[in-house]
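Every chain is named by a letter (A, B, C and D) in the order it is written, and numbering of its residues begins at 1.
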Amino acid sequence: MSLPLGKADVATTPTTRRLLRFGQIGYGYWGPLMLRNLARQENAEVVLLADLSEKRLADAERNHPGLATTNDTAKVLDDPQIDAVYIATPLGTHFDLARQALTAGKHVLVEKPLTGASAEARELIALAAEKELVLMVGHTFEYSPEVEYLRQLHISGELGRTYYINSSRLNLGIFRRDADVIWDLAPHDLSMINYIMGMKPQAVSARGASCVHDGLIDVAYIDLKYPENIIAHVHVSWLNPNKERRFTIVGDRRMVCYDDTAGNEKIKVYDRGVDRPDYASTFGEFQLSYRYGEIVIPFVQGSEPLAVECQHFAEAIRTGKAPRSDGEVGLTVVRTLEAAHDSIAQGGIYIDTNF
Amino acid sequence: MSLPLGKADVATTPTTRRLLRFGQIGYGYWGPLMLRNLARQENAEVVLLADLSEKRLADAERNHPGLATTNDTAKVLDDPQIDAVYIATPLGTHFDLARQALTAGKHVLVEKPLTGASAEARELIALAAEKELVLMVGHTFEYSPEVEYLRQLHISGELGRTYYINSSRLNLGIFRRDADVIWDLAPHDLSMINYIMGMKPQAVSARGASCVHDGLIDVAYIDLKYPENIIAHVHVSWLNPNKERRFTIVGDRRMVCYDDTAGNEKIKVYDRGVDRPDYASTFGEFQLSYRYGEIVIPFVQGSEPLAVECQHFAEAIRTGKAPRSDGEVGLTVVRTLEAAHDSIAQGGIYIDTNF
Amino acid sequence: MSLPLGKADVATTPTTRRLLRFGQIGYGYWGPLMLRNLARQENAEVVLLADLSEKRLADAERNHPGLATTNDTAKVLDDPQIDAVYIATPLGTHFDLARQALTAGKHVLVEKPLTGASAEARELIALAAEKELVLMVGHTFEYSPEVEYLRQLHISGELGRTYYINSSRLNLGIFRRDADVIWDLAPHDLSMINYIMGMKPQAVSARGASCVHDGLIDVAYIDLKYPENIIAHVHVSWLNPNKERRFTIVGDRRMVCYDDTAGNEKIKVYDRGVDRPDYASTFGEFQLSYRYGEIVIPFVQGSEPLAVECQHFAEAIRTGKAPRSDGEVGLTVVRTLEAAHDSIAQGGIYIDTNF
Amino acid sequence: MSLPLGKADVATTPTTRRLLRFGQIGYGYWGPLMLRNLARQENAEVVLLADLSEKRLADAERNHPGLATTNDTAKVLDDPQIDAVYIATPLGTHFDLARQALTAGKHVLVEKPLTGASAEARELIALAAEKELVLMVGHTFEYSPEVEYLRQLHISGELGRTYYINSSRLNLGIFRRDADVIWDLAPHDLSMINYIMGMKPQAVSARGASCVHDGLIDVAYIDLKYPENIIAHVHVSWLNPNKERRFTIVGDRRMVCYDDTAGNEKIKVYDRGVDRPDYASTFGEFQLSYRYGEIVIPFVQGSEPLAVECQHFAEAIRTGKAPRSDGEVGLTVVRTLEAAHDSIAQGGIYIDTNF
């Protein structure tokens, strides 16, 4: 296979690269990872970090000597020097903080999922459009070289017609209080499927269980109907003995598995499939033959998805071009998560997403 | 862990071991495997094999010099010498053949699934009871040492309270005409879960797709509700690039994975879990702690499940004791498969099994 | 890669396929496997099996109804009906039995290693030449599709110039009395290397230890010098916790690993290497660059090596063409094993093989 | 198994913890890793870093704002404020720099291997003793939790009597100019074996090849004789298609494999072995039985070996207690590497280490 390796991000760069000043709100799980990447960019600086926890701010200061910090988020929103704000707070606060930042004339990058409700996501999209500001959601995997490789594989036609997609994201722990396992883990799978296929789900069915904590779903199974009769299945769990990250696309020409835990052999492309005769057989036996061919493990040049994501955000601000994971992309995921919860509440029936 | 290794089968043996004479109908996929095992037993012989295909009969004769064969199934059913009949024909014929065999006064072992409809299974159960004959279904995995190990692990309390069970049975091919992937593969998973847990599912929800053949489901996802809030998920597919046989039980004390493709390391018992405090916390943070302990790969003495199954059938005939996988056990699987199909037809809602 | 898959054996078939009558001496480890394959061939039959053990003969009779057996090996050697003899006895008896069989005018296939001393192997070669009979040694791996694939990969130049070969053959147990671990396991590795590379080793160095049994080596390391500065290393052990069968060829264009325990992914071809500049660098830093490319797992059509080996033996008898693993090939392995033992006795120095 | 998990380092801490001032020479491969760990310690600071490369110094300054740097190593050696020096320069300079540092009254930690010749190592040991200064070598693996686990496993007797040890350390690349693959990689394996077993090798035999660069060995096999008839084999290569780090100890009670690339399942303890009868058998058959028991993957609490190593160095300085990897330990490895080279030059014969 001579498929070009995933070029994660090639933006046209304007001649003048104006200095960008970032503010950041939140320094929990994603905060430290992104702060380092935001700070590392050329012609950019992080001027103020806000978090409610003094301990976290102290950590940030130790890691970033000279960084200005505050426990008052309003200070970030009010600072006229700040061009853009990165929000990495609990899900319940995404909407309010993003709305305030946009209202204050700042570009906004919000951690996934964009908001806790689709109506909120729609309001942010409208506000950003009105203010002509960048609204981006941190769908990290859309900036990973492996996911880009899968996308190019799909686009190139190497896989043929897609039959179905299967994704599992399982591990033990990292329980959250602000979100259940669906809101916590499924945004990754959904954004990956949507980005790779270039499609939005039409209907969602889900089942889940609260094993350890009453009322908080910690294992869930989500089924999705996409256009062209493609189906997808997503399994997320906080209660698996080992970490599992497996993503399979089954096409009629080839099949591909992406196992994010498999070191240097993450992607395997299987030249396997089922050959169906063109004519309608009138014979009693199926006229099917199985094709077993070689497996290719492509060499995908590693790159840090968060660094690409930060650079992409900066480019979007500088060029005015809509980012890959813009508000609409974030809304699609939020609406799908909402529909999954509706389905669980209604006994697992398919809920239309109405995109 | 000092758990006793699975003793697959220890039956009390009557003093007199009368010679058993078997007839067999069907020599396709399971037929050759079972014929060899039926013939190998002490005090037993296979006196007649029937199959519609001359080619298959010729194969059987080459493998078993001296074996009597016929393409007329009635010859097996009518032969007064034959004590018991093993039926390994397409699913659509199971009921008729089993009924005729029971009516003719013969003990019956039918390949899985028992019948294509629960009403038929009930009729066979009633007939066998009336005639005081053994009716057994070939749920192979109930006779495997690994499944017995998992069952003992559950019974011993080592796993604690079960949260959920996940099973996948995926491969490329072996399409069938007489049954879709649910009837073909899911009987294995369902019989394993039921046997290990000693439970029957209460409600079933399923989704599936016909990717390669119109109208014949080749990939499916089945969700099951068991008593005590246990849930199970079964994923079956004829369209996966590689063979996958993974069975996971997540308990609150331990978790266990059974990967049937993992050579000599099929079972891994994880001393891992989530510790939840007894008192209701009033604090903002979850009072959960994760427990990571050692993983044990038990040494499970290998034994051939089909050989155990054959011996078990013979013992049931000789002792009159109900076999492990009797008609009721077979009915449970058939009824669950039926409910899965009803759920698919009704958009994925949960269907009560009404056991 | 468009390398043709290994065609294990395509012999030109003479028009008249005369019936071949085999005798077999020995029914221990290899005996049962080969008897089945010898018997399965078209226009061939096994007319008499000899073994000293009544128990083994009884086993053979159960598996092959109608087979004539004897505990007197002379009966096989004297039987004028028998065209060819397969010898699968302890190593110490190979030479005598093979010599008697050849003297009696019979074609001979001897299990590996051919003899326990190179002088004996040379005598058998001379005798077979004089009598115009086939002398073949059972180097099973030379008839396996994976080894044929590696050979074609080497011949095609895909791997470039070979740097070194590494082979390990480890497991727990199967201790033998008639041979130590070097004579027991290393013939596989040596015959594989010689066949794939089309070369004979020039010098041998070895080290070993007797861990469990005094005087009988159960773990050994063998280093070999081949022409063109190629080196090879063979590690054999009866004392490893798990089974390991790993064979690596490192070339300057590509590298290949063959892991015989890896299910359907036994061979991996790595498009990896080190690029060295043509000119002599005067700079302080090495002008080396590493090339990391894709990994290909070819689909190698499975075939039973023993069946191919039997067919090959029959073809050699019918056509008079020298078999692939003829006496010379067997001698090469025997002489190398001898030199390895000499090296151990002399503190690990390299011993010339003097081929 | 109830073996206590490896407690990597528990030193008695003196009441007064005086501030330690470190100087560092060298900022290549190990330098950046250690600088971060030296700087992170409590009551310690790195006051000056020397490196000949301006580019590397600029990197260091970016990573450690405020760090003083110089390209004049004498400045570190002459600085009266500096208590201790960490040397991470090419091997050829270890001896001179360490001698100067000790002469200047500074405690010294030198990267592995300690020196390029055993005479030099002996001189450093004498000098440190005379000056009453700490001389330590950076045998990283002696501070890793997995190696500590293996050591405790050996000491506890769980493995029984050790038969042999096998270690492979293979990868593609990281060629060096200052040392061949033996000096580059084998110090890890040797220090691990010596530390785990509490022994020194008595004799060494080696073979190697220069595949890519004339005169520089890039693949080598080293055999070692230890007391109590224990043998060890070390395979190192810069030319393997994939990274391999496998370390096996075969004992007569248990066997253990440590695969450093195996994520969270690095160590597997096999309850397997060969049972030998006490009495001398007069029968023809070996009276051996194989024991196949469970495999345990212990949970080894992760800790950063370099952090433990830095802390250990500081403790040795504060307490005056000899460090675990002191000059003698470093000398043992250097002398063994020397003997390996002598063996290669003499055709692979065993060279006595003369410890």
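Just so we're on the same page, contacts are C-beta pairs under 8 Å (C-beta built on N, C-alpha and C of every residue); 3 or more make two chains touch, one makes a residue touch a chain.
Not measured: the values here are computed from a predicted model.
Note on connectivity: the fewest chain-to-chain touch steps from chain B to chain C number 1.
Ranking all chains by how far their C-alpha centres lie from the centre of chain D, first place goes to B. Put simply, the C-alpha centre of chain C and that of chain D have 40 angstrom between them. Chain A and chain C have Cα centroids lying 53 Å from one another.
A separation of 42 Å divides the Cα centre of chain A from that of chain D. Residue positions 242, 268, 292 of chain A each touch two or more of the other chains. Within the complex formed with chain B, the chain C residues making contact are 65-66, 242-243, 261, 263-264. Residues 1, 265, 268, 271, 292-299 of chain A are the ones that touch chain C when the two sit in their complex. Of all residues in chain C, those touching chain D in their complex are 163-164, 166, 172-173, 175, 177, 205, 207, 209, 211-213, 219, 221, 223, 229, 231, 233, 235, 237, 239-242, 248, 250, 252, 255-257, 268, 270, 272-274, 276, 284-286, 288, 290, 292, 347-350.
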